[in-house]
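Listed after this line are the structures, all set down as structure tokens.
Shared between the two complexes below is chain A, which has chain B as its partner in the first and chain C in the second.
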Partner chain A sequence: MNLSLLILLPLITALAILFSKGLKQIRAIGLAGSVAQLGLAGWILKLYMNERSNGNTTAYLFESNYSWFKALHINYHIGIDGISLAMILLTSFIVVAGILVSWTMEQLSKEYFFLLVLLSIGAYGFFISLDLFTLFFFLEIAVIPKFLLIGIWGSGKKENSAMKLALMLMAGSALVVVGLLGVFYNTGTFDIVEITQLGISVAAQQLFFPFAFLGFGVFAALFPFHTWVPDGHASAPTAASMFLAGISMKLGGYGCLRIALLMPNGAQEYAWIIILLATIAIIYGAFATMMQTDLKYINAYSSISHCGFVILGIGMLNKTSINGAVIQMVSHGLMTALFFAAIGMIYSRTHTRLVAQLGGLLKVMPFISTVFVIAGLCSLGLPGLSGFVAEMTVFMGAWQNPDVWHRLATIISAASIVVTAVYILRATGKTLMGPISNEHAVLTDATWNEKLAAGLLIIGILIIGIAPFLINQLIMPSTDILMAQFEKAITLK
Partner chain B sequence: MMINNFFILLRQELILSVLIFLLLFIKLGKDRSNENILNIINVALFINLAAGFCCMHEGSLFSGMFTTNALVAFQKNILNLAIWIISMQSFAWLKTHKHVIEFYILLLTSLLGMYFMISSGNLLMFYLGLEMSTIPLAAAANFDLTKKKSSEAAMKLIISSAFASGILLLGISFLYGTSGTLSFEILPAHLGNNPLQIFAFILFMSGFAFKISAVPFHLWTADVYEGAPVAVTSFLSVISKAAVLFAFGTVLYKVFEPIANTWYAVLVVLSFATILIGNLFAIRQENFKRFLAFSSIAQVGFILIGLSGSSQAGLASLVYFILIYVFSNLAAFGVVSLVSALTGKENIADFKGFYKTNPTLSWVLTIALFSLAGVPPTAGFFGKLFLLMAGAAKDNYWLITFAALNMVISFYYYLRIVKSIFMEPNEQPIQKLAIPVVSKFAMYLCVAGIIITGLASVVYDYIYSLSFGL
Partner chain C sequence: MSNYLYLAWIPLLPLATFVLLGLFGRKYFAKTAGIIGTASLLTSTLLSFVAARQYFLEDGKVNGAYQKIIALKYTWLEFSPNVSIDMGIIVDPISIMMLIVVTSVSLMVHIFSLGYMKGEERFATYYAFLSLFTFSMLGLILSSNIFQVYMFWELVGVSSFLLIGYYFNKPSAVAASKKAFIVTRFADLGFLIGILILGFYGGTMDISLLIEKLTVTSSAAFVNITTASFLGASMLTWGLTLIFVGGAGKSAMFPLHIWLPDAMEGPTPVSALIHAATMVVAGVYLVARLFPVYSMDESALTIVTYVGAFSALLAAIIACTQTDIKRVLAYSTMSQIGYMMFALGISKNGGENGLGYMASMFHLFTHAFFKSLLFLGAGSVIHMVHSNEMKDMGGLRKLMPVTHIAFLIACLAIAGIPPFAGFFSKEEILLAAFHANKLIYGVALVTAGLTSFYMFRLYFSIFWSKESTVHNNHGEGPWTMKLPLIILAICAVGVGFVPFSQFVTSDGIALTTHIDLLFSIAPVGLTLVAILLAASFYKTQNNKPEKAALAFGGFYTAAHKKFYVDEVYLFITKKIIFPLIGQPIAWADKYIVDGFMLALANTTAKLSTSIKGLQSGKVQNYALYFFGGVLALSILFIYIWK
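Here is the complex of A and B:
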């Protein structure tokens, strides 16, 4: 299985979009490409599970390694483990859904779909990279499409939001660069597998861990570098919001996870800061959401809170909590994409996102309202949906650290769920229930493409929510291997 | 392989000289239309570029005054490539110009001087080359015959570079006084921590900094760039800067190797100031040419970081980055020069709504700006990263962090233009431009270069194999 297919297929799709004409042709190509990609991801999943059930315990499967810049020891090294595969599956779900909700994008449609696919290339490449240089290369590829998507097709003060997002993410990557160069000059390689074997000196870890972790943290909306999230998400067009929250923020979370596992001593030493920042993000995000009146801002701020759980899981540094962090990334990706899709559907009909101006939508748009409710309930962690599984796993992992400090952080974070319940139920109630205004009474429900997009994401949420063992089977073997390496590295030093 | 054949070693200079004489003969002959002449010149420049790639031998002539090797030949080829592209891009401007041939004679003479400067094996030769490359440029800067600003630019250029040359010459004479030689071969053995030599080196370095417009010797840059015709501006900002940097790299690594610690410290200070000032001033520019002037100042700061790595990778990343810089900067200048030649507009604000009327040009400009900013998959990303990598070899991480964060500032001002092009509405956007075929070809060539030079690692590996370390 050559994983380069995962980049090649969207690349071909992107080129095909460039050479096609008219919205119909473009969106058909986009959809075909993304569905094929989803199929490919599913097929890789099958092969992967086969390998694992045959007792293959190598950390990364389907590796291939080509020399890229020989003189500088830069390789194009790719491979996947359960964690990256989960992310790839998430990405392919969201890309299909994103293309479906953009079905009627008339304005500059070629550029729009091209940029969406380009963004997904960055994400796929990022998740399969086993070389820090390639990883960084793909991370940055994903930045520019975001800037253009928000700036050209966005709403509100779109130029400012786009600029803010791009600059903050670039600042994040600047920090990542310094961290990566430090690692390179300490070990002589960018290769993640080799670095794990060689180990980085403790002094270098102490120096460069903060750079790399904070750098990726900016992408993952780590407090206090979260300020790009609300504006960026709120200004972006629907599909771009879905990609931003569903895929792009996961790049950060995934990067943080890899860095923490790559520099065990650094991670252990700075764990308390990570936990502190994550806890602040969780609580602050939740309370900030309470004050929002715009549906997109509500979801954006709640994303900060939810991504805090990812960082918290990583900071707790044990098997269960890291499992939880990964599940939270997948769950939050699906859930928030669904939420943005529902908001986009409402906005395209009512032309307002202000909670105060909405009401009673359940009567005219039963399908969209149901989607909205499901996304909301998933967000507040209702059992049976993915949010519950993810947050529960993080808390269980966090509780395994027996000292007061970790317990306190866990309790505070868990308490945020109450706040979440308040703002979700309030937003749902005001938007969907109550009297409906006369203008809104004539609106229509979702079209087939919107139903399909929402249905796809809901299936994902339900699979994780009802049968969490499935995703655990995928992730657990890999976290076992990675954490064994982690503990070995800690005891060696 | 060492050979001493005059014709093989000097072939690039000879071809260029023949070309200059050819132009003189065309001038003397019957009147031809500008278009014909330009086509002949463009073909000749391409032949010049292609011929440069054959027989890249190592050797020296005139008892060590002139040395060449594969790296030097490659550096000259980068300059050849750049002048070919510039020539194609200025087609629209030169088509109606009265003195096309004189213009080319000046540019090519300046290029010839740069060849000798890069190939010099002796400080005297070096100085001659440098002067030969600067003086014709001052005349060329005056080539927008009807514009006052153009002659102002020429005046500023000639005075400031004469000043810089004076400082450089003073440094050279101190070096001669303390060591008794000007030869690159013998000089290193006589260099040490002699204060007068350090002082001579600082003077020498100041002269250099002037030519590459490093801060605090950058003040002439923006005015000259703004006033000169776009073709000359791109020549100044790409070719002339590249040539001096090539020579700089060789001189630092070969001649001043014994005082490497001193020049390392100087380079760090220079690059720190250059990046910061270049960036801060670029933010506020309204004129596109001034903007590119300041952004190119910041780029030089990055190049100095790579150079300070003092390794094979340092020199390779310098040459590699300049090759990328040729493509990216010329792609940007190409669009600006076209717009300026056809509409006379040169301000950033004029580019608002540019995408609606000229989508192709907009993408070319955008890709060029992304490459200058260092965004993947464009080559600029690799170029900047490799410079930082080379610099990081010295474990000077505060400088690397500073440079990396400054990339964010530069990102802001490049994106500001992208924002104007794509997102901001304009009542009267630049109308749809008819692009001459040659200019179009040059632009596509640049874009192809921007994409391929980065992703195809063969280019870097090739340059690396040519380079030598400290």
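Here is the complex of A and C:
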């Protein structure tokens, strides 16, 4: 299995979009390409599970390695484990859904679909990279399309939001670069597998861990570097919001996870700061969400709170909590994309996102309302949907650390589920229930492409929620291997 | 051991109905949804009775004691090698008893709704939600893993939310559904942390294993959990109390009861099912499920006792002053659940001292039938007069004879008049309280008197009082509404004679109980007096109620205003949480955190503006900088060199 196909296929799609004419042709190509990519990801999943069930316990499967910059030991080294595969599957789900909800994008459609696909190339490349430089390269590929998508197709104060997002992410990238260069000068390589074997000196870890971790933390909306999230998401067009929250923020979480595993001593030393910031993000994000009046701001702030769980899981540094962090990334990606899709559908019909101007939509839009409610229930952690599985796994992992401070962080984070219930029910109650205004009473329900997009994401949410053992089978063997390496590195030093 | 795997069908059938009606109901089953839901639930009910027969009469008993059987255990979500959420089925006396209660009452409600909800636009959705609720509740009952209980617990909460908010364009219903969910969610946080504590020390989430480990005083788990303490209480007390907080939320115990009266905004059959017989007793069931562990910790049980007794009394007092008939019934439910709670609290585990446990379960059992009957009767009345207020009723006994008789039977049952069902279970509770704690006995006795008073106040106000002003021509409702009333009325008489103590006890060994006539004189006498009082106040219209209200003065007003508990909550949320936590955070995010980032960006911009003069393009300036640089470096070099 050559994983480069995961980059090649979207690349071909992107080129084909450039050479096609008219919205109909463009979107057909975009959809075909993304569906093919989804199929490819599914096929890789099958091959991967086969390998694992045949007893293959190497950390990364399907590796290939080409020299890129010989002088600097930069290689195009790719491979996947359960964690990256989970992220790849997530990405391919969201890309299909994102293209479906953009079905009627008339304005500069060629550029729009091209940028969407380009963003996904960055994400796929990022998730399969086993070389820190390549990883960084793909991370940057994913940033620029975001800037353009918001700046050109956005709404509201879009230029400002686009600039803010790009600048903050660039600042995050700068931090990441410092961290990665530090690793390189200490070990002489960018290769993740080699670095894990060689180990980084404790002093270097202490010095460079914060740079790399915080750098990725900016992408993952870690408090206090989260302020690009609300404006960026609110100004972005629907599909871009879905990509931003569903994929981009996961680049950050995934990066944080890899950095923590790569520098075990650094992670252990700074764990308390990570946990502190994550706990603040969770509860602070939840309360901030409660005060929002715009649906997109509600979801953006709630993303800050939910992504806090990812960071919390990483900071707790045990198998269960890291499993939880990964499941939370997938779950949040699906759920938040679904939420943004539903909000986009409502916005395109009512032309407002202000909760106060909406009401009673359940009467005329039963399908969209149901989607909205499912996303909301997933957000507040209803059993049977993915949010519950993810959050509970993080809590269970966090609870394994028996001292008072870890306990306190866990309880405070758990308390956020009450606040979540408050803001979700407020939004649901005011938007969908209650009396409907006369001008909204004539609106229509979802079209087929919107139904398909929502259905796809809901299926993902249900699979994790009803049969969590499936995703556990994918992730757990990898976390076991990675955490064994982690423990070994800790005891060696 | 025989096979109980077929029990899985009991919750799965309603689930299948939910999926079917949820996906295709609006389109294809708009008219037939009710029949489909009822048929599937009928099957579940029959299966429950088959299971009860098999367990209680055939093979549940080994060596004179009913055994706990794990019929299924499947690892659903693994956290670590020992700790996981399993999907399991537990078969023991209380789970089987609850199966009977939930399926029977739910079936009655399904049938009743065929008539009551006829012609509703979202008829299929209603039955889909009803099925979802029944599935969740049955799942909760059968759970063999404490985390599994929590899962279904949450699902039950959501289905309750959906059903309360069924009339979604009515703002009061929306507010009530939100309130119910948020208050119980808050309580569930306690439940969750309690689970984490017990799970951590017990090293498992499996209920049977947990009980095994935490009831042996010499086991390492027990020693650890009782020696570890926080703020002066052992972790066992913390864990159990926090779990009880979860139970108190669902079971509407003070001070978490405020959602229950508002929940009456839902359709009345829903109130009969969820807010009378099934979901609200989940808290009692939870404590009973973990009772062996509770019995190891006196402090936790004391909390259960006093919260239960206080709630029982408080709710009974409030019920005497309410005028909305569903709210009276809601407070009555809270009061009766308080009864069940304190009966558990004063009980010991096993033997003669386990009388309280048995009595509590017995009361849960009988209460389910007569309380759902009361609600369905109320539904029938509301269907007729289109109002919940007592003032719009009166003299209805001739217009609705079936409802009248059924309602009277239910009132007699809840008041505890022999030989109606409530008498037997209440008598056992009073007996247990009398032997365990005289204060609790006193509270229970007063509550019993108040109960009879407010129930007959309700009865006389609806069916007597004045001549009926209702001119209707659609009669008492179709047979689908009368049949459940008749069946439940028969139950309200009959279920008291079930030899309950033979089957459901704390240790599975049959308990011999007898009715002590001498002991019964006080409660029954008090009840009769209360009924006579209610008759003299409300059978005909007179000014006695106003006089009595005046005599109580401020106390009456306070009770009428539900002792201002709602106002306290409103104060906390509207005056503290929103303005003092939410708003400052939203403000800080905008002006401090984001402000800092903006300032950073602006400073960078300014800095670059101020230094951009350096790149002026004038050669003479560059020469100047160059020499300046050389000079500075030279000085630095010399300085370091020295």
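The rule is simple: the second predicted complex is superposed on the first by the 493 of 493 C-alpha atoms of A that agree within 3 Å, B and C clash if a C-alpha of one lies under 4 Å from a C-alpha of the other, contacts with A are read in each partner's own complex, and residues count from 1 in each chain.
Note that a contact is a pair of C-beta atoms (placed from the backbone, for glycine too) under 8 Å apart; a residue touches a chain by one contact, two chains touch by 3 or more.
Owing to the predicted nature of the structure, the values given are computational and were not obtained by experimental measurement.
Enquirer: Once the shared chain is lined up, is A:Leu167 touching chain B (first), chain C (second), both, or neither of them?
Expert: So A:Leu167 meets both chain B and chain C here.
Enquirer: Is A:Glu140 touching anything from chain B or chain C once the two structures are fitted on A? First, second, both or neither.
Expert: Only chain B; A:Glu140 stays clear of chain C.
Enquirer: Once the shared chain is lined up, is A:Val422 touching chain B (first), chain C (second), both, or neither of them?
Expert: Touch partner of A:Val422: chain C, not chain B.
Enquirer: Of chain B and chain C, which one contacts the greater number of residues in chain A?
Expert: The partner that reaches more residues of chain A in the superposed model: C.
Enquirer: If you stack the two complexes on chain A, which partner ends up touching A:Phe367: first (chain B), second (chain C), both, or neither?
Expert: After superposition on chain A, A:Phe367 lies in contact with neither partner.
Enquirer: Tell me the contact category for A:Met396 with respect to chain B and chain C: first, second, both or neither.
Expert: second
Enquirer: One more residue to check, A:Tyr60. First (chain B), second (chain C), both or neither?
Expert: A:Tyr60: touches no partner chain.
Enquirer: Would you mind listing the overlap between the chain B footprint and the chain C footprint on chain A?
Expert: Touching chain B and chain C on chain A: residues 167.
Enquirer: In the complex of these two chains, what residues of chain A are touching chain C?
Expert: 164, 167-168, 223-224, 226-227, 284, 287-288, 290-292, 319-320, 360, 362-363, 366, 377, 380-384, 388-389, 392-393, 395-397, 399-400, 402, 410-411, 414-415, 417-418, 421-422, 425-426, 429, 432-436, 468-469, 472, 476
Enquirer: Spell out the part of chain B that touches chain A in their complex, as residue ranges.
Expert: 313, 316, 370, 375-377, 381-382, 385-386, 388-389, 392-393, 395, 397, 400-401, 404-405, 407-408, 411-412, 415-416, 418-419, 422-424, 457, 460-461, 464-465
Enquirer: Going by the contact rule at the top, pick out the chain A residues touching chain B in the complex.
Expert: My answer: residues 68-72, 74, 137-138, 140-141, 143-144, 147-148, 151-152, 158-159, 162-163, 166-167, 170-171, 174-175, 177-178, 181-182, 184-185, 207, 211.
Enquirer: Would you tell me which residues of chain C are touching chain A in their complex?
Expert: Touching chain A from chain C are residues 26, 75-80, 83, 85, 147, 150-152, 154-155, 158, 161, 165, 168-169, 171, 174-175, 177-178, 181-182, 185-186, 189, 192-193, 196, 199-200, 578, 581-583, 585-586, 589, 593-594, 596-597, 601.
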